[in-house]
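The structure follows.
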Amino acid sequence: MREVTFLEAIRLAMWEEMERDPNVFIIGEDIGRMGGAFGVTTGFLERFGPDRVIDAPISETAIIAVAVGAAAAGKRGIAEMQFIDFISYGFDQVVNVAGTWLYRSGGKTPIPIVVRGPSGGYVGGSLYHSQQFEAWFFHTPGVKVVQPAFPDDAYGLMKAAIRDNNPVVFYEHKYLYRRIKGPIPDASEDYIVRLGEARIRRYGSDITVVTYGAMVHFALEAAQRLEKEGISLEVIDLRTIKPLDMETILESVRKTSKVLIVYEAPKTGGVGAEISARITEQAFEWLDAPIMRVAAKDAFVPFAEPLEKFVLPSVDDIVFAARELAAY
Amino acid sequence: MAVAVIMPELGESIVEGTIVRWLKQEGDSVQEDEPIVEIMTDKVNTELPAPASGVLQKILAPANATVKVGQELALIATASESAAATAEPPAAPAPVSAPPPVEAVGFYGGGEEPAPVATPAPAPAAPTRSDGQTRSATGQPFISPVVSKIAREHGISHEELLTIPGTGVGGRVTRKDIEAYIAQRKAAPKPAPAPAPAPAPQPVAAPQPAPATQPVAPREGEEIIPLVGMRKVIAEHLTKSYQTAVHVTTVIQVDVSKLVEFRERNKESFQQQYGVRLTYTPFFVKACTDALLEFPMMNATLQDDQIIVRHYVHMGVAVALGEQGEEGLIVPVIRDAHKKSLIDIARELEDIAKRARNKSISVAEVQGATFTLTNPGSYGALIGTPIINHPQTAILGTYAIVKQPIVVNDMIAIRPMMNLCLSYDHRLIDGMYAGRFLQRIKRAIESFEFFK
Amino acid sequence: MGVARRTTLGSTRTRRKNGQQTAIAYHERLEKSDLLEIYRRLWFARIFDEALYDAKKKGRLRRGNVYGSRGQEAIQVGTTYPLRPDDFVSPIHRDMPVFVFRGMTPEQVMCQIWGKANAPTRGKDSWSHMGDMSLGIVHSTSMLGSTIAVACGVLWAQRLDGRRDRVLVAYTGEGATATGPFHEGLNFAAVHKLPLIVVVENNQYAYSTPVELEVPTETVADRAKGYGIPGYCIDGNDVLEVYNTTCAALEHARAGNGPVLIECVTYRLQGHADHDETRARQYRPVEEIELWEKRDPLPRYRQYLLKTGLFSEDELPEPPPDIVERIQKAIEYAISSPDPEPHTALEDIYDESAGVSR
């Protein structure tokens, strides 16, 4: 076992996969000589060389397209978005080129790529360095979406995502990069976390909390506070947003009959809305209260601290919502 | 053989056009590629060429008519057999007017051109389940879905539910409250009222009221079973059906030798290739569906004084529940059967029958049928008089296959024979129509052109 | 509703000024059999186009647009003839014959056009949105320009395999050179000296938009200067000039000198697609269309062949009847092929063969 930060876990996963499979390469801005804006690819250029660690021009379309085209020709590309917000430049490549390629080639040409980058707020990153628009890709067929919350999951899911034969958009919450530390298995264990499997991070009996990313940590903190008030939260860390693990969610709903979905993205049309709809469709008779959501306001993430605090969800928001739900 | 002039797709996102004028009249001779009609769309004014040489036999869309892409505009009689086009029905409009007569073709077009994509007929909206769980204006407490479910499972009536102390918002009974109540009740049992042995998903959304009459004490040799649950619902439904439609049953005999032979020869490869057990039912579904498109009154429904004719088929297929059929009858629906292939239908049948039997079928899947198919032959019945599934207009029963001596070409032959019994509502259907409908199905099964 | 309005345009467009010309006459090493094959391929491309227009008009093809390439055959033939079997091509909607020149059968292409179950895309996508990586044909989408960026990835994979000599010929229209992905792709390729040949088929119109509203420079080839790569502007209706320029570009690229841009000046004799025939004669001056009809690459090449004295008239039929028959057969095959089953619309969305996902 090794005790590492969230960021280090991701770095090790990519390193080990590039060692294991010579077809894996990575392309992004400032990832080679500088080791990446956050240092995620420190040492990669020296170890793997410029053909497998490409310092790209400011061309997110080209960065993703190179990964896509190489994947079509048998490689496994990792495309780093310096901030996942910039994926919007290469949106077409993800949604219309990568996502559809398998579909329109009679199943013959899979596109194994991972488009990854730092996401999320709470760091004063403002409009274009704080986004959580995973709903865009949640809504797109042919693309998978992953957002781990703990180092062991980040490690295992990155390995699985690289081995998966489909385009995976991998969100790494920057707030967690260096703040969270945890144990991960040794390289020799070849540990992977399968996509599409949620994990219960805290067992409870009163309310099912479905969440992912940084919000998992917020929910766990809220759970600790509420325990003292006699309210027991069960916290489900989705880990993979798409494919969605409804089985784990529904099993918990049948236990508690009350659901609180927590997500950092703007509330309207977010992933939580779909989860809510599915629970209603598939477990209506198990509900003892309406399904509630705590999410960011329908706004962009502003710069000034009081503004950012207002828009993004807080631990207090989760506590208040849980109290109301428990009393319903 | 006539060649049709078809309205082409004249531009991206063009779905219809208007006939400006015909450049040729009925009876005129036309050459291939010669312009014969002028069409206007919102992007283009175009002259359409004749697809073949011959005589302009019939103009189907007159000047100023609005026509949809793929619609037949005219027929050209050619001198020789032409394989260029076949008569295609126009895209399905709103179900008000009667359709033009369609030539009886094989069930699978085979080597012919693909049919134009018809605009999907408006499917009846699957109603969301309503247990009447809203808070009423008189301030009756709110009963949540899970509380209602637990109450039902433990035979707690609505009246009893109101006596349980509630700790939820507005004094409502929460899940915890009712669970606590049940636990405490177990410790000190009270005489339970008549149980409601209903399976969890109900085919018909109906509440479960307590029996209206006082329970009668049984005499010697007698046993009292309350009429509740599924049985009660079925009883009510059939009473309504029988008292509303004027039932007539007519019978026809069908030689199913080709069907039986096909199944014997192919059931293994079917299982292998499609993962589906091959029964006779999909063939009857297909034959019935095709016949219903041709005899749409069979597929209609009477509401007040309006006959609603439907040009789409949602086929209800009756499935008996319980080992000996003692748990009643449920009718899952294959929606848009007219759009589905035989294999699709076979797959869907296997799936919904399985789920009906293990009670994991949803409310939406047993609603909206336009016609019902039932199979009393599966338990050996030879002939029967099935009851129509209200508010449909007819029901077809398939009966036991029995080898019989029959006359073929003035000689005795032994053939497996099956009776088809059609009960229909005489308010809408007359004998001859019913007879022709049955003949259509008979022809389809006997000629067995399912895989042309 | 209304009839399309006639637009008034500037003067009749004539051929652009030539840029660099190739010094070496590579075509002189072609044998008689090569010259004849080139002739036959030109005719294949022409008949392919005519047969599809005819099928659409007669209602034998009901669904999907036909994007004609009449007049652009010399580009399709001249750029593919000198390629090796293991080179790549990335064709777009006006390059349908390229699929056949690079190894797909006419049957496969027709089944694709008819959206049949046995099409390369199984009926999932239309027209040129297909490919076959095993034949080196890269699939494309409607997102113009994106193929140039994706081409960089395909070539990067070859680099990782130590095959820097494998070239990719990517086709694009002059309008698509205005897109972001075109720029980002060519920029990347030039920076990393990838063996990418960009063939710009400047047929003067992007739908109804004339080239002067797409490209601010005098020629499209001028854009090459921005990437520090060679840019040729040639007569796209002269199949041998196209052939020669392609050979020069291939040498340059295979030697590791980076990408080349070849602008083939030609003209789109028909509408943008079959539904655009009437309008295309309204938003363009008819004299302009007629001028370019006289520059038809097929009779031009035929005259050249006759002048060489290597061929008699009889050896050069117009059209070669066996090709007409072949294409018709392929169309009949497609028409009689089965439609895809409805439920297959949900297939091939994910590939779960890696076994690492639910």
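As written, the chain order gives the labels A, B and C, with residue 1 at the start of each chain.
Here is the rule we go by: a residue touches a chain if its C-beta (ideal position, glycine included) is under 8 Å from a C-beta of that chain, and two chains touch if they have at least 3 such contacts.
All of these numbers come straight from a predicted model, not from anything done at the bench.
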What is the chain whose Cα centre is as far as it gets from that of chain A?
B
Per the definition of touch at the top, where is the C-beta contact count highest among chain pairs?
A-C
Chain B and chain C, separation of their C-alpha mean positions in angstrom:
49
Return the distance between the CA-based centres of chain A and chain B, expressed in whole Å.
44
Chain centre separation (chain A, chain C; CA means) in Å
41
Interface hub residues of chain B, defined as touching at least two other chains:
none
Chain A residues touching 2+ other chains are none
Expected list for chain C, residues touching two or more other chains, is none
Any idea which chain C residues touch chain A in the complex?
119-122, 124-125, 129-133, 138-139, 141-143, 146, 149-160, 180-181, 184-185, 187-188, 191, 347-354, 356-358
Please output the residues of chain B touching chain C within their complex, sorted ascending.
5-6, 8-12, 14, 33, 40-46, 49, 51, 70, 84-85, 111, 113-114, 116-117, 339-341, 343-344
The chain C residues in contact with chain B across the complex are 1-4, 56-60, 62-63, 65, 114-115, 273, 275-276, 278-279, 335-336, 339, 341-343
If you look only at chain A, which of its residues touch chain B in the complex?
257, 284-289, 327-328
Given the complex with chain C, which residues does chain A contribute to the contact?
22-23, 25, 51-52, 54, 56-57, 59, 61-62, 65-75, 77, 92-93, 96-97, 100-110, 112, 141-142, 144, 160, 163-166, 192, 194-197, 240, 243, 245
